[in-house]
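A short worksheet on the structure shown next.
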Amino acid sequence: MITLRSLLVPHRIAMMAVFAALVLWCAYALRWDWIPKYAPLAAEGIWRTIWILAVTSVLGFLLAIPLGLAQAIGPWYLAAPARTFCTIIRGTPLLLQIWLLYYGLGSLFPQYPWIRESELWPYLRQAWPYAVLALTLSYAGYEGEVMRGAFSGVARGQIEAAQAFGMPRFTMFRRIWLPQAIQNALPTLGGETILQLKATPLVATIAIVESYAVASRVRQDTFIVYEPLLLLAVVYMVIAGILAYGFRKLEQRVPVKGH
Amino acid sequence: QEVKIGIAAEPYPPFASLDASGNWVGWEVEIINAVCAAAELNCVITPVAWDGIIPSLTGQQIDAIMASMSITEERMQTIDFSDKYYNTPTVIVADKSADIAPTPEGLAGKILGVQASTIHQTYAQQYFTDAAEIRVYQTQDEINQDLASGRIDATQADSIAMDDFINSDAGACCEIKGAVADDPSILGSGVGAGVRKGDDALREKLNAGIAAIRADGTYDKITEGYFSSSIYGG
Amino acid sequence: MTEAIATDRNDPAAASAEEAIRVEDLHKSFGNLEVLKGVNMSAKKGDVVAIIGGSGSGKSTMLRCINFLETPTSGRIVIGGEEIAMRADGSPASRKQIERVRSRLGMVFQAFNLWTHRTLIENVTEVPVHVLGVPKAEAHDRAMALLERVGLAEKAATYPAFLSGGQQQRAAIARALAIDPSVMLFDEPTSALDPELVGEVLTVIRDLAAEGRTMLLVTHEMKFAREVSDHVIYLFEGRIEEQGPPEAVFGAPKSERLKQFLKSVA
Amino acid sequence: MTEAIATDRNDPAAASAEEAIRVEDLHKSFGNLEVLKGVNMSAKKGDVVAIIGGSGSGKSTMLRCINFLETPTSGRIVIGGEEIAMRADGSPASRKQIERVRSRLGMVFQAFNLWTHRTLIENVTEVPVHVLGVPKAEAHDRAMALLERVGLAEKAATYPAFLSGGQQQRAAIARALAIDPSVMLFDEPTSALDPELVGEVLTVIRDLAAEGRTMLLVTHEMKFAREVSDHVIYLFEGRIEEQGPPEAVFGAPKSERLKQFLKSVA
Amino acid sequence: MEQVIELLSLSPPGWGGNLLRGLLHSLEIALGAFGFGLLIGLGGAIGKLYGGPVLRDILAVYTTVVRAVPELVLILILYYVGTDLINKAAGAMGYGRVEISGVAAGIWVLGIVQGAYATEILRGAIKAIPIGQIEAARAFGMPPLKMLRRVTIPAMMSFAIPGLANLWLIATKDTALLAVVGFNELTLETRQAAASTRAYFTFFLAAGALYLMVTLLSGRVFARIEKWARKGQPGHRRAGA
């Protein structure tokens, strides 16, 4: 962890001074007059980024558990589809997946008029269900692979001990296997969640207004190019920092020897 | 000296689109070639994402924009424009069966799709925000798809580009519901070539080229190949 | 203390109410390798049975067959008078039954196998609370008493990784005791320990023996086995080669192989 | 064989042309811990010097200071008459010089440290070809002869991981010999080996001693040290507590501590 | 079905050729960026491990920032600001405008992103080398650069390959982001083909298949490289494999 003392080294003070000068220069030399006008929109965009990230990571993780489990111990007729799914998701760009889901499916609607009559139509019309679906599947695809390793990584003795005490299978899964697998996966999970955060701007391409779309909007309206992007970069860094911190806290819940 | 003319990388038929051999074709592409020939410029057509086309110009990746970009006050704060080379009305397009008119009342409660960084976006956000939900897309083509699939109720766009869409299979669903009320401060005074601020030499040459093809009939001949009437506008 | 009798008979009537465990004609093969070739034994309540034998003789396998961590190839296993129903392939016929029976057998592993993501106290309360349905507060109090007993009360909130092997093994014993097992199964509980830590674990087991717990104890510590057990079984290549009270087995071995074995471990 | 003399004097004239290595007033601290507190020694060409002492007495550190794997805190190190230029902080002043000197010192590590991504023959030719610029064919022939000599000719194309510890250590000796070192440095070359593999390595070292190679040998094998060395140095807490010919050091130790030490390892 | 085949045929009026050309462009950039990233990564890893405190801090800032900010944003910033700065600098020194090709820009932008990840992967791999391997090289007087080439790099290979394989796949997929700066890689070609023919499903699926092919093929290649890098390591199984 960064301590105050570790920051008070001459070269770090110099670097911080340079950084502060850079920030000051940015504040004075660049244009920020657009901020007040766009602040409400920006807040909404940031909120939507966080919302999408949270929902898709949680759903994706829930999906990743059976995917990982199927690959780790499942019979071949479960393992093979799970592996295929993970390979396809990891093997194609997310941007393409989003488009395929949104525009690809959309291009089928005119051919089937009954879709517009259905109860689901109000949702199918929206962009966010596709975004959530695409990002959830993507996260599940990557995490399924991580969880596979994590499940197989749990020491055999841990499971045997549970068996030996007559734990029912589901209890054993819930109380022993899953928590240990998650513990194993946490370091990777943190990194992958930051990757997921970085994937959220892609949903702007299907007309969802999240942080990136707001920055684009500012650029398009005002032709100010760098300032919104810089601010956007800072926003993502802050969110990534909070994520990294949160995951470190989670990891530290079960202390590890030698750290 | 090579002059890079930026066009939008996203197809915008019938003005500029890609054929299967990878060549850019369309009315505007022919106009670019004609203007350059008349102005004796060695032009290279350079596709750039529409969204980043102005930064590309100011960042010197391209020298001029000829991508159906309307001349507006707002843009003129950042770049300069040549004289216009076409001008067409702005219309609202929607499903044939839909009860929609090109007014705030006529769009009440509807979802209106517009392309980002266009006069249509600015206009819609100025006049229709309160009445309709405005959804912003990166390309007109995506809007057309979502219009056909029924995800949005209407779009505001350039009449000629929409003509082309309506006459295609995919656009059979829809029709022009009428032109929106004009506001020259937003909708501008036609489409011109954008150049970097202060690049008067290039601007003058392009102006001369446009004037030349207007005068010698090249402009009309190209137009005949695409449209039934002149699109130079008043 | 009562005496353990290895039964060759297949006579259920012989199993009095006092019988804690009985194994009949137990066979176990791994692929082509027959590891257990018909083992018969039984133990009364309060018996301490020591199982000794060379490496690979099948001691661990026998113990693990008793609680079905390994699936026997054939044979019968009776715990506290209840025969465990087996399918033709040896797997337990009723998951419910095997889970119930297992939760009355307290297993202590050579490698401890404490759950690393839980503190000691959580390890000890885990099975009572989440398998047996004991109320949390009650399980907690009992667990504290058990940890106290094995000398680890002040480590209750520590994670296993931060303890010495001896401490971990004592905690594993507390975990096994928490279910108040009818039989305790020990599989070489000290052989993963550094020599200086062996003593503390043996002390705990010695106390358990003294208070009359039924125990099956696989061990390499001959001196300890002799001191603590009522009955000793010597396994050789998957068969019981010799058995009897410790004085007889250690003091006057009859089998040549046992004599050889005792010499080699002395 | 000639006798080694531990020099307390700081007199360069004493270093004849025959001198292979000289260490003067060597100090080394790790942080606050002073591990070497002024060590003086020298060895003539052909000498075999055994360095013995308890764990943590600084034997490895001394050896590693000689080829600057550790940076001495102060002192002088002279290899074959050439003093290694040191900066004030003890680091070598000239990288060129230290690289040249190092390529004349053949180090054999306790953990062998063969390069796992190269075959044995590649391990042996690596330094001659890529540091000393010996033509490949020549280096290869020489390497084969060396592998032959340590009995590993038929393993030349094998990767280290597929060999026993003893074989790996013999290969490591061949690697060190390949640079025709003026001094061989051995840091407990057998202590990472299983007892049955120790012999084969000691045999090779014994041969090297017999043919008159200069060697510095940190070892725990007292019998071997006595047999093979011309001179024995006993280190205690970073100082030379006693030294002399093996008969004297082992046969009639004067220091109490040495007596104690010899008793403990016997 | 016939229609699909016609749409995907390699020569006009089919668009298959365009897709393949886009794929080629993507691979070209991915390869360049991956290579450039490896160079940065090697320098970065060595800097982080053996560099002075200032260098280490600067590298820490670099890897942290680049790995926290979405590639899309970085590409926009680096592309516009980067080319702008270069041109400004060239202008100030009296040169004319510098031509920066789309390929070069793509490579340098993605390379910087890749470099940050490569730095961490290679640093981890170097740290995983048993210290004795390095000490042995030092003890025999190997000069630092030679040691890097002959010992450090080959010895770290087997630790680095799995991470680098992932990184390569990221590189091939990240080229899709260059579509926003109008670079004609596979994704943009797909979009253009789809928009011109309105056969969205067909082209998106086709592009997906092409990407998947690259992934599977790279998987094979990297498995071979890994096997080669593991030569000399007996029967090592990856965790969970």
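In order of appearance the chains are A, B, C, D and E, and numbering begins at 1 in each one.
Assume a contact is a pair of C-beta atoms (placed from the backbone, for glycine too) under 8 Å apart; a residue touches a chain by one contact, two chains touch by 3 or more.
Just so you know, these numbers come straight off a predicted model, no measurement behind them.
K.L.:
Give the touching-connected groups of chains that are left after subunit E is excluded, with no other chain moved.
P.N.:
Ignoring subunit E, components are A, B, C | D.
K.L.:
Enumerate, in label order, the chains that touch subunit A and subunit D alike.
P.N.:
Chains touching both subunit A and subunit D: E.
K.L.:
Which chains share more C-beta contacts than any other pair?
P.N.:
A-E
K.L.:
Nearest whole angstrom, what separates the Cα centre of subunit A from the Cα centre of subunit E?
P.N.:
Computed value for the inter-centroid distance: 21 Å.
K.L.:
So how far apart, in whole Å, are subunit C and subunit D when each is placed at the average of its C-alpha atoms?
P.N.:
Distance between chain centres, rounded to whole Å: 52 Å.
K.L.:
Based only on mean CA positions, could you tell me how far subunit B sits from subunit C in angstrom?
P.N.:
Between these chains, centre-to-centre, one finds 83 Å.
K.L.:
Using mean CA coordinates as chain centres, what's the subunit B-subunit E distance in Å?
P.N.:
Measuring from centre to centre gives 36 Å for this pair.
K.L.:
Could you tell me which residues belong to subunit E and also touch two or more other chains?
P.N.:
76, 80, 179, 191, 198, 200
K.L.:
Return the residues of subunit B touching two or more other chains; collapse runs of consecutive numbers into ranges.
P.N.:
If we look for residues of subunit B contacting two or more partner chains, we find 51, 55, 58, 145, 170.
K.L.:
Dump the list of chain pairs that touch, please.
P.N.:
Listed in label order, the chain pairs in contact are A-B, A-C, A-E, B-E, D-E.
K.L.:
Which bits of subunit B are touching subunit E when the two form their complex?
P.N.:
For this pair, the touching residues of subunit B are 9-11, 13, 17-22, 46-49, 51-52, 55-56, 58-61, 139, 141, 145, 168-170.
K.L.:
Show which residues of subunit E lie in contact with subunit D when the two form their complex.
P.N.:
130, 132-133, 135-143, 146, 150-151, 154-155, 157-158, 229, 231-234
K.L.:
Please output the residues of subunit A touching subunit C within their complex, sorted ascending.
P.N.:
155, 157-158, 160-169, 171, 175-176, 179-180, 183, 254-257
K.L.:
Can you tell me which positions in subunit B touch subunit A when the two form their complex?
P.N.:
Listed in rising order, the residues are 51, 54-55, 58, 74-75, 77-78, 111, 113, 116-117, 121-122, 135-138, 142, 145-146, 148-151, 170, 173.
K.L.:
Please name which positions on subunit A make contact with subunit B in the complex.
P.N.:
103, 106-110, 116, 124-127, 205, 207, 209, 213, 216-217, 219-221, 223, 225
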